[in-house]
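One chain, chain A, appears in both complexes that follow, with chain B as partner in the first and chain C in the second.
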Partner chain A sequence: MSTLLEVNNLKTHFGNKRRVVKAIDGIDFKIKKGETVALVGESGCGKSMTSLSIMGLVPAPEGRIVDGEILLEGVDLVGLPEKRMYGIRGKEIAMIFQEPMTSLNPVLTIGDQLTSVIIHHLKVGKKEAENRAVEMLDLVGFSDSRKLLKDYPHRLSGGMRQRVMIAMAMSCNPKLLIADEPTTALDVTIQAQVLELMKKISKEFSTSILLITHDLGVVSELAERVIVMYAGQIVEIADIDDLFKSPFHPYTVGLIESVPKIEGEIERLYSIPGNVPAPGEVIQGCKFAARCSKVFDRCRKEMPTLRKMDESRSVRCFLYDDEEAE
Partner chain B sequence: MSFLEQKAMVTEPFIVEENHNYVHESIWRLMFRKFMANKLAVIGAFLMIIIIGSALFAPWLAPQDPSKQVLLDKLSPPGEKYILGADILGRDTLSRLLYGARISLLVGFASVAGSIFIGTAVGAIAGYYGGTLDAVLMRIVDAVISFPSLFLLITLVTIFEPSVFTLIGVFAVFGWTGTARLVRGEFLSLRSSEFVLAAKTLGIRSSRIIFSHILPNAMGPIIVSATLGVGGVILAEAALSYLGLGIQPPTPSWGNMLQSAQNPQIMLGAWWYPLFPGFMILITVLAFNFIGDGLRDAFDPKISE
Partner chain C sequence: MTTYIVRRILMAIPLLFLITIISFAMMQMAPGDPTALMMDPMIKKENLEAYKEANGLNDNVMVQYFRWLGNMVQGDFGYSLIRQGVPVSELLLARLPNTLLLMGVSSVIAFLISIPLGVISATKRNSLTDYSITFVSFLGIATPNFWIGLMLIMFTSVHMGWFPTGGVSTLGSPFSLWDRLHHLILPAFVLATADMAGLTRYSRSSMLEVLRQDYIRTAKANGFKNKTVIFKHGLRNGLIPIITILGLMLPSFIGGSVIVESIFAWPGIGLLFIDGAFQRDYPVIMAVVVIAATLVVIGNLLADVLYAIFDPRIEY
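Now for the complex of A and B:
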């Protein structure tokens, strides 16, 4: 399978010279065509910033991409003129968000919002755009799509709005769909519907999906590969089965442990001790060292690199360093 | 791919259509209902229709030519010949009130249209782009606010004949700052809203986001401030005319009708003379304020039914 997106040494920083918040501190990963990759990690680790960096929508002027490249089919999106980005956003890469209640414009009809995107990217007339909009709404499971076009978002439930968002994001057949916590704000039954829908989309359109979540249950439903982030860095990349069967990085182990399990009658709740480092905090050595149960001297002095273990697996931890193994 | 293939099944009906009762009540209908629930606003709107109607139809409604002077009838009290009396030059007060309404409303609406346009444009740009541009524009706002506009006006009036258009121009050029600040605030909070980010990720251009996505959401406060603004300008025009700096006679405006009553003899002897224009100013400004408050309620998303 060929590579669709390749992110190399991406660094996105906030703040000024005096105080820098390294929201993303040098990340590398690839997404293949048609593949669903999950990006997981605790709140504030830089998941949303990763997606906004890809979109070229890092909030300026406080934030900016300071280094690295983002190659979409070989074209570097970093530093691409805004004019070209208008043609890429929504057409090549689209995005859905966590809060379906607020991600539709309250004063525009569903039809207006859908057709304007279609007209902009596919350069078709109004009638044709409307037909396409109806087709998309049918696809995401609405039965009275034509009527829905004239409706305002406030009449729809959260789950319906999220489906409208998906219809909008998919309307121009993007190659990559970034879903930032798409189900977090929905209740469980609706969550399942939206996940099924995304599964269907990735299959039928062979769209690549970058799924951002902190819910490992969602990850196991949908993703083929998982990227684990901690404090702006990638700490582990693994195929889904490997990750759950034998997590390498102590942080990944902790994340999997913290999924609530019911054993017998007792519900066991585990959480990783300590807190994520404060934004802007300068840490010597491994960023996870302070919370790690397997920490040893070297971790506090040096920063481990992201080491490739085999074809599909990388980890950033001295436990898997050859020198240490000796 | 293996994981998906394992799990991939034949596409099955996967979505249970939620109960969606299509009550096609648009936002506008809802707002209309909320407006109608405010009694004072409805009274204001009713008065407004009458005032605007009489201004429009002044030539048909006026019993006399507003500038016809019958010196013998000067300061006639309200009666059969002059329903609301006659002024110091023997002109019919009712006719002058009707024609004066045209001028007062014209000045009110035109000035506010101008200042809302300038204020919205400046506020939108400042709020949407932020940064240096915002800082520069807001300093200009500060400068305009601290500008001694009354002195400029006096100077202008001494150099030029103060026409309706100079007056409108001055009100527009000095009246936009409040709107600019208001619109800037709206844009500042709306630009970081999720639906604007969503629109950006779909490739919608900045210009379109400003005009089609953010502006309609900021329309409520803008319309409210415009409505209140019209009342304010009518009051300001009256004040200027009273000082002799506004609309110049013989063109009637409510303000200069008051001014010509500026004389203790008239005030005491012909009480009806200042009463009627004063009453019209009061009623009109009140009506605009009531409507403004009603619109504020109607646009307020928090007051739902």
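Now for the complex of A and C:
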């Protein structure tokens, strides 16, 4: 499979000259065509900022991409004129968000919002756009799609709105779908529905999906590959099965441990001790050192690099560095 | 929709009723006597009493109120005490169109200037443009509009001779639209300044609020141009709270028109009110108060209806 998206040494910073917050501190990853990649990590680790960086929607002027490149089929999106980004957002890369309740415009009808995107990107007439919108709404499981076009978002439930968002995102056949916590705000039964739908869509359209979540359950459901982020850096990249079977990085181990298990009685839910470093905090050495159970001297002095273990696996940890060295 | 409007109109009726009671009571409690200015001070006491008796001024207050209300509902506002024999309704009919024209044009001016300024201010937040607009707005809030009116008359009318200093049209000339407009511009602008500054600030904060919303991010993520995002997706939402301001603006417009009409000798109900107040022309004062209150009620009604039209989330 060929590479669709390649992110190289991406750095997105916030703040001014006096105080810089490195929201994304040099990340590299690739997404292949048709592949579903999950980006996981705790709140504030830079997941969402990664998606906004790819979309070119980092809130200016506080935030900006200071370095790196984002190649979509070889075209660097960083520094691309806004005019060209208009043609990429929604067409090549589409996005769905965490908050289905507020992500649709309350004063425009569903039909208006869907067709305007289709007309904008596919340059078709109103009638044709409407047909396409109905087709998409049918696809995401609505039964009376044509009637739905005239409805306003407030009449729909959260799950229905998220399905509308998916229909809207998929309406122009994007190559990459970025789903930023698509199920976090939904209740569990609806979550399953939406995940099922996304699975079906990625297969049918062979769309690549970048799934951003902190929910490892969602990850195991949907993703083929997982990127674990911590404090603006990637700490581990692995295929889904490898990751759950034998996580390498202590942080990944902790994340998996933290998922409550259904078997047996537990006294206390596990959580990784300590907190995510505050934004802008300067840390010497490994950023996870303060919370790591396997920490040793070198971790506090030097920053480990993201080391390629094999074809599909990388990890940023001295534990594995030493093994190699010896 | 229709039932909603009908319901709102029905709800306005008790309010208007209350307003008539208050305006009548205020006039009853006001110092002075309607006969004081009308009569020869040397009049004999018996004659004065006879006049009062004949005109119902000695009747029970309740009787007087209901007589007044009953006549008013039939369009009879009584007669002006000062301009002997002229029905108040005639005065109102002659003046009201002038005031409505002035207020209408003023609100259009206020909206056309303030909303774009507010939007620009919000989209270029914390820029020099934003700060300049904010500065001028605060200056506008702090400056009484009679002063602005006087200054404008002094500079643009007296010194530069661009505009006439007052009136609705050039005396003695035949009707011409240009002449009417020429007379209208200054007073309408001055009346508009009363609310422009506040409206600008209001649209700014409303737009700022809207531009933070998730659906704006969605619109951007769909690849719409900035302009489309701001005007189609943003402004439609930002205007909703501003509609409420439209209803709230009307009272200040009516208050402002009293001042502006006196400055520009604009023969509207504001000027009628001022004259009436100085001359203790009770029927005129009460009629104007009731009309002004009715306008405010209608304005609020209009705002509510517009609100329901603009915001699909409101169910009638």
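Operating definition for what follows: the second predicted complex is superposed on the first by the 317 of 326 C-alpha atoms of A that agree within 3 Å, B and C clash if a C-alpha of one lies under 4 Å from a C-alpha of the other, contacts with A are read in each partner's own complex, and residues count from 1 in each chain.
Keep this in mind: a residue touches a chain if its C-beta (ideal position, glycine included) is under 8 Å from a C-beta of that chain, and two chains touch if they have at least 3 such contacts.
What you are looking at is a predicted structure, and each value in this text was computed from that prediction instead of being measured.
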| item | value |
| --- | --- |
| Side-by-side fit of chain B and chain C on chain A, or clash | clash |
| Chain A residues touched - chain C or chain B, whichever exceeds | B |
| A:269 touches, of chain B and chain C: first, second, both or neither? | neither |
| First (chain B), second (chain C), both or neither touched by A:106 | both |
| Touching partner for A:75 - first (chain B), second (chain C), both, neither | neither |
| First (chain B), second (chain C), both or neither touched by A:159 | first |
| A:143 touches, of chain B and chain C: first, second, both or neither? | first |
| Chain B versus chain C as contact partner of A:66, first or second or both or neither | neither |
| Segment of chain B that clashes with chain C, given the candidates 7-15, 25-33 or 61-69 | 25-33 |
| On chain A, the residue positions that both chain B and chain C contact, one per complex | 55, 57, 85-91, 94-95, 97, 99, 102-108, 116-117, 120-121, 152, 154, 165, 168 |
| Chain B-facing residues of chain A, complex | 1, 34-36, 55, 57, 59, 61, 85-91, 93-95, 97, 99, 102-108, 116-117, 120-121, 140-144, 147, 150-152, 154-157, 159-160, 163, 165, 168-169, 193, 196-197, 199-200, 202-204, 223-224, 239-241 |
| Residue ranges of chain A touching chain C (in the complex, touch as defined) | 55, 57, 82, 85-91, 94-95, 97, 99, 102-109, 116-117, 120-121, 152, 154, 165, 168 |
| Touch list for chain C against partner chain A, complex | 213-215, 217-226, 232-233, 236-237, 240, 310-313 |
| Touching residues on chain B, where the partner in the complex is chain A | 1-4, 7-8, 11, 14-18, 20, 22-24, 26-27, 130-131, 192-195, 197-205, 208, 212-213, 216-217, 219 |
